[in-house]
Structure formats: C-alpha cells, structure tokens
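Consider the two complexes below, in which chain A is the common component and chain B and chain C are the respective partners.
For the complex of A and B:
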C-alpha cells in the first residue's frame, strides 16, 4: 500500500463520485473517464500491463467516446435546472450499500480460501494469448458471436429509421 | 579502429547520457538518466516541429508556384522563432459561454497523450525510453486518449463550428483507428511479439545486401499502404482534413483557441505526425536498420530520423497535391474498402506465416492480394452512379 496506490485510489473514487454528483451530463462522462484512467493505473500498479493498456484502449478510447456521443446526439447535454436526485435516492443508496457489502465480504473471504500462490504472478502477453486461444477459446468465441449479433442488431435498428425517412 | 569509431558514434547519445550522469552520486543515477532521456525527447520533437513548419511552408510554396516565407533570417529560416514569439505574446481568449475548466484542460490532455507515445519508439540501437513487453498496445492506448481531448476542445468551446469539427474528428479517428490497429496486427502476427524492439530486431537482418523489411513482402506492402492511409486520417492531414477544413468550419475544434493554447494544438498535431511516422517506419520500414547491409556503419538514429522526415515530406507532398474528401466519401472509403482489405490482408498474412519458406508463398500471397484489390475496386466502381447528386439537407 504505497502512496502511489492511495493517490490512484483517490483519483478513481473521486472520479466515480464526481460522475454521480455533477449536474451536467458531459461533465459526468468526463469524470467517469478519470475513474476509468484510475482503474487502468491500478492495473498497471499490479504489474498487469496488458489489462491496464487494454483498459485505456477500450474504456477511454471507445466507451467514453461512445457515452459522450450518445449524450450529444440525444440532446441530453443541457444542464437540468432542478435537482438531479430522484425521489428514490435513499432506497438506491441502500441497495448500492448492500451490493458493496456482499462484494466486500466475498473479496475478504476469498483471500483465505485461495491456495498459497507466489506473491507476484507473472502473466505476460504471450501467456495471455496462449490462454485465450487454448483453454478459454470457447468463451472467447461465444463472446465474439454475441458482439457480432449486437452489432448486426444495431445496424438493423439504424436501417429502419432510414427507410422511414425516405 | 573504424569499427569502434562507428559503434561509438552509433551509441553517442547513450554514452553522453552515461557520462553526464556519472557526475552524480550513485543513488541518483538511474532517476537522473531517465529524467535526462525524457528531457531530450521533450526538447527534441518540438524543435523538429519548428523545423518542419518552415519546411512545410517552403515546400507548399514551391508546389503552389510561390516562394514561401523569406523575410525572417536567411532564406526565412528564422520564421518559426517569430511564429513562436507571436503565439506566446498573443492574448489568451476564453469565450464567455465556454466551459472554462475543460477548455483549459483539452490542449494539455492532447499534448501529454501524444508525448507519451514517444516513450516506446525505438529511435536507434538501444535508444528506447521504456522497452516494455506490450509497447504497441501502449502506443495505441495513448493514441486513443487523444480523441477525448479533441472532443473536450470542441464541446467546451460552445461554438457550432468547434462542435461540428470535433464530431467529424472523432468519427474519423474512430473509423480509421480500427484500420490502424488491424494493419499493425499483421506485423505482430509475423514477429510474434508486441515489443517494438523485437519487431525492429526481426527486420534487422540481410539477404545479400537487401534487408528483411516487412514492406518488401506482399502482405507488408499492402499493410503499409493501409497503415499510411489510416495514419493520414488519424492525424487529420489532407486529404482527410475535414475536421479542420478552413473553407467549411473556420478551424474545426480549435476555432475558439488563441495564443499559446492554439500553439499547443498545432504542436500536438505535428507531434502526432512524427510519432505515427515513427511507428510506421518501426513496423514496416525496419525502424533504425540500414537500407543496405554495406551502410550499417552509419549510426542507427540517422536512419530512424531520415525515415521519419521522409514520411513527413510525403505528408506535405500529399497536402499540396490532393483535394479534400467529402464526409460520405471518407466514411465509405474507410468501411467499404480499407477495412475489408485490411482484414483480408490479415488472412493472407496468416497464410504467409504457415506456408513456410520458398518462392510459392510469394506467388500465392501476391496473387491473392492483387485479385482482392482488383475485385473490390471493380465492385465498388460498379456501385458508383455518375449522375447529378441530390443532397438531402441542402434543398
């Protein structure tokens, strides 16, 4: 638990909290991007280079851009006048706390359950590639099919609008 | 005697750094070495940027039958100094309705993200700042972060031209980033590593006097052409300069920037050009390796920077030659021609990898790529109807 860890953790938590609290939706999206960056730095702090850079490439390079585009194209970028908190914020808070408690409990328990492994597991890109193409090839292919189906679905949704416009 | 001299000259920057660092106490040496290398990169490329601006203005002037800047200093060579002083002393204007914090952050995020890319480029033998296992992934992760900076600039300015420019830029960069990644994957497939130093080392071999550069293979040539197209689009250079098309959008996403912040955008654009040219020469043109085996005595960094400046020259040449594309042409080109061809090239690369040595793979792979190019060009030309166009929103 070095000072760097605390700095990065503060960035991640601060970004995530700001994303919830701010009023302007684009500001929220950018704050969320800061949280993504913090998460990537946490991965890098754990010597997981591949996961860290993939996190930046996918979440900052693609997901954040997608979020921002969606906000702009749906005219959600105007700042709302009134309060942004819904009437159900208390129950939402309780549900979030419950989920967090369960997750925290699971993480704390799992530390005792795991067999004693070496302190720093080394996973370079080559090992990840071999694992993805060998042991985990079926989940990978299923995910690929799922993503292709989602893409085709998105194209079909977009096509309908165009035919109506003509 | 001559060999040692050449070798020392090749490693001159490393030796110089070690000599400078040796004055410090032993505990500080590693940190001081890193700081010195970073400072060199941060100073070198903006210097190169200043040189390139005058080179570009002179070159464009020649292409357009004018002389170009010739008033400041001998042959106008001190023009970048004058430009720099001008942009430093200009007033920094922030529009009243702009989102001040994001407006301020955008140029910083852009320049920092672009500078990060240089960290993994091998600029000569042993001359790489961070030699990491997934250098290529790091480079593309940093390249992807610049898109957000462009969006931040366009959105925070509260100007319709800025926002339109940013939307165009982001759409274009996302489309061509896919191609950029996939054309580089071919190199990774053959080398079997994401490390840029290993990719250069794999190309630093010679048959007779000729090097094993990837551009001299069928898949490498196709991959390089696709990479070059995508790189031009990614850096928003002509003919893909729609995001900042002066005749349509004033200056695109940096319309509302003045003074030094504008200079930072300008710097970021040129730095992106340098780094993407550097990556291109590392992936396909052998990085710092010499073009002929008998030229290996020339220092490796000279080769790297020659290839880089040659790419910059091609960028300028294209800017002076080609007209700007229309938005629909840009998108159709990316998704209907460049992307399918790049994916096909990946398959050809896999075939090349598994066919083994021999002349047969040269014939088969070349024929496949040529046939694919011919068929795709024929099909997409047949779909074109050359008749008066009607525009949906312009009537």
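For the complex of A and C:
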C-alpha cells in the first residue's frame, strides 16, 4: 500500500474519531467534514472519480451544511456542561468494539479468497450515465421520487407551527 | 496486505467509530453523525469491492454506492428535520430526556 493511502486513511479515521469524541458540537461537525473529505480522497484513490466528486458535493456540500444548520437552530453550539455521553455509553462502546472485532476477523480470515484484480477499471462519466439511463433507470426514477418525498417530508416535519393553531 | 483488505479494514474501523458515536452520545445530532459515518463506511466497501472485482465494467458496486449516497442524503434531511421539530417541542436535543412518545 502506498503512503498516500495511509495518510488519507489516517485523515478519515482521525476525523471520524474526533467527530464522535469532541464536546463542542460545532467542532464535531468540522471534524465530520474532514472525515468526509478523506473518504472522497479514498474514493478517488480507488479510481472512482464520479463517486469521489459526488461524495464531495453531497456530503461536504449538503449534509455537513445541514448538520451545521441543525446545530445552530437547536442552540447546540454552546459547549455542554457535564458529560456528553449517555448513561449506556459503556455498553455502546463494548458493542462497537465487538462489531469491529467480528468485522476485522472476517476480513482477515477471508483475505486469501478476496478478489485482487490490479487492472484499472474504465468508468468515466459517460459509462455511468449510460448505465443510469439504461440498466438502472428504474432505481433512478424511484430514487428521484424518494428524494422529492424526503425533501417535502423534512419541510413538513420541521415546519413552524403557530402556538394558537394547536 | 492486499489493497482490498486494507480498504475493508479502514471501512470496518470507520463503521465501528460511527456505531460507537451513535450508541454513546447524548446529543441527537451527534447520533445522526454516527449513522452518517456508518453509511459512509458501507459506501467505501462498495467502491473497494467494485475496484478490485473481476468485472468492474458492470458498474454494480459503483451504482450501489451512488444510490446509497442519495438515500443517505434523504435520510440526513429527514433526520435533522425531526431533531429540529423535537427541539421545538421539548427544547432539548438530549436523547436521555426524550423518553415519551406523546407530542
């Protein structure tokens, strides 16, 4: 593995770890953005240019901004007093460690069976567009409906209700 | 270690970090951040398997990752809308205080 991979993986994992341990929620959102950027770089390193740039546009451009908006709208920008972890944090940590142990064991046990093709796949935007408009057109349409429904649903859920309307 | 194994291990660690965040934090927004990290770890698996598969020209893993990104964006919008609505009702985003289902 190249040193670039280790650097990018360290950026991703460090950003993710910082995002879940910091006290101040705004700092968590910033660290989350770093993790998303590292993931986009990992995608680019895997020759998935379209997915990498989609990751930047969707996650850094939209999801991170949404998270920051939600933090500021819920006045979560002040550093909370006392513990930021829930009462069941020990069992949560144990569950996460167990999941990682099982996943890592499974990956390492099956390492010799995994495919390892070294040829760089050709997947430019043209191929992806043809596939989206051809074989995957039905999922694409369903996804368009889902995104519309989710946007309308999010607006309705977060819509401000007047006090006297209740 | 082959490149695919390395990527799968990174994805597994990212998933575990996201799961730990979702299970241990009190703030609902931080729980959503943890869920986003887990979805991203799954995407990394899809892309890595697509890259090192014998038939990458079928674009299966790539398509799965692209659709998964879109579904995750929809999930983030609805989830954060729910957090804002709950904050308006209960004036808190602390999950330990959200213990009733009546509005």
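Heads up, the rule we're going with is that the second predicted complex is superposed on the first by the 135 of 166 C-alpha atoms of A that agree within 3 Å, B and C clash if a C-alpha of one lies under 4 Å from a C-alpha of the other, contacts with A are read in each partner's own complex, and residues count from 1 in each chain.
We adopt the following convention: a residue touches a chain if its C-beta (ideal position, glycine included) is under 8 Å from a C-beta of that chain, and two chains touch if they have at least 3 such contacts.
For clarity, every value in this text was computed on a predicted model and none was experimentally measured.
> Both complexes share chain A, so when I overlay them there, do chain B and chain C fit or clash?
The answer is fit.
> Which partner, chain B or chain C, touches the larger number of chain A residues?
Answer, by number of touched residues of chain A: C.
> After lining up the shared chain so the two structures overlap, which partner does A:54 touch, if you call chain B first and chain C second: first, second, both or neither?
Both partners, chain B and chain C.
> Scan A:41 for contacts with chain B and chain C and give back first, second, both or neither.
After superposition on chain A, A:41 lies in contact with neither partner.
> Considering only the touch criterion stated at the top, classify A:125 as touching first (chain B), second (chain C), both, or neither.
first
> On the A-aligned overlay, A:87 touches which partner chain: chain B = first, chain C = second, or both, or neither?
second
> Now for A:26: first (chain B), second (chain C), both, or neither, which partner does it touch?
Only chain B; A:26 stays clear of chain C.
> To be precise, I mean the smallest distance between any C-alpha of chain B and any C-alpha of chain C in the superposed model; what is it in Å?
Here the least C-alpha separation of chain B and chain C stands at 14 Å.
> Hey, what residues of chain A end up touching chain B and chain C alike?
In chain A, residues 50, 54, 62, 69 are touched by chain B and also by chain C.
> Can you list the chain C residues touching chain A in their complex?
1-10, 12-27, 29-30, 32-34, 36-37, 40, 43-44, 47-54, 56-57, 59, 62-63, 65-67, 69-78, 80-85, 87-88, 93, 95-96
> Under the touch definition given earlier, write down the residues of chain B that touch chain A in their complex.
So the residues of chain B touching chain A come out as 102, 132-134, 137-138, 140-145, 147-148, 151-152, 155, 163, 167, 170, 174, 177, 193-194.
> Given the complex with chain B, which residues does chain A contribute to the contact?
Those residues of chain A that touch chain B are 26-27, 30, 33, 49-50, 53-54, 56-57, 60-62, 64-65, 68-69, 72, 77, 124-126.
> Report the residues of chain A in contact with chain C in the complex, numbered from low to high.
1, 5, 9, 12-13, 16-17, 19-20, 25, 28-29, 32, 35-36, 39, 42-43, 46-48, 50-51, 54-55, 58-59, 62-63, 66-67, 69-71, 73-74, 76, 80, 83-89, 91-93, 95-97, 99-100, 103-104, 107-108, 111, 114-117, 121-123, 127-128, 131-132, 136, 139, 143, 146-147, 150-151, 153-155, 157-158, 160-161
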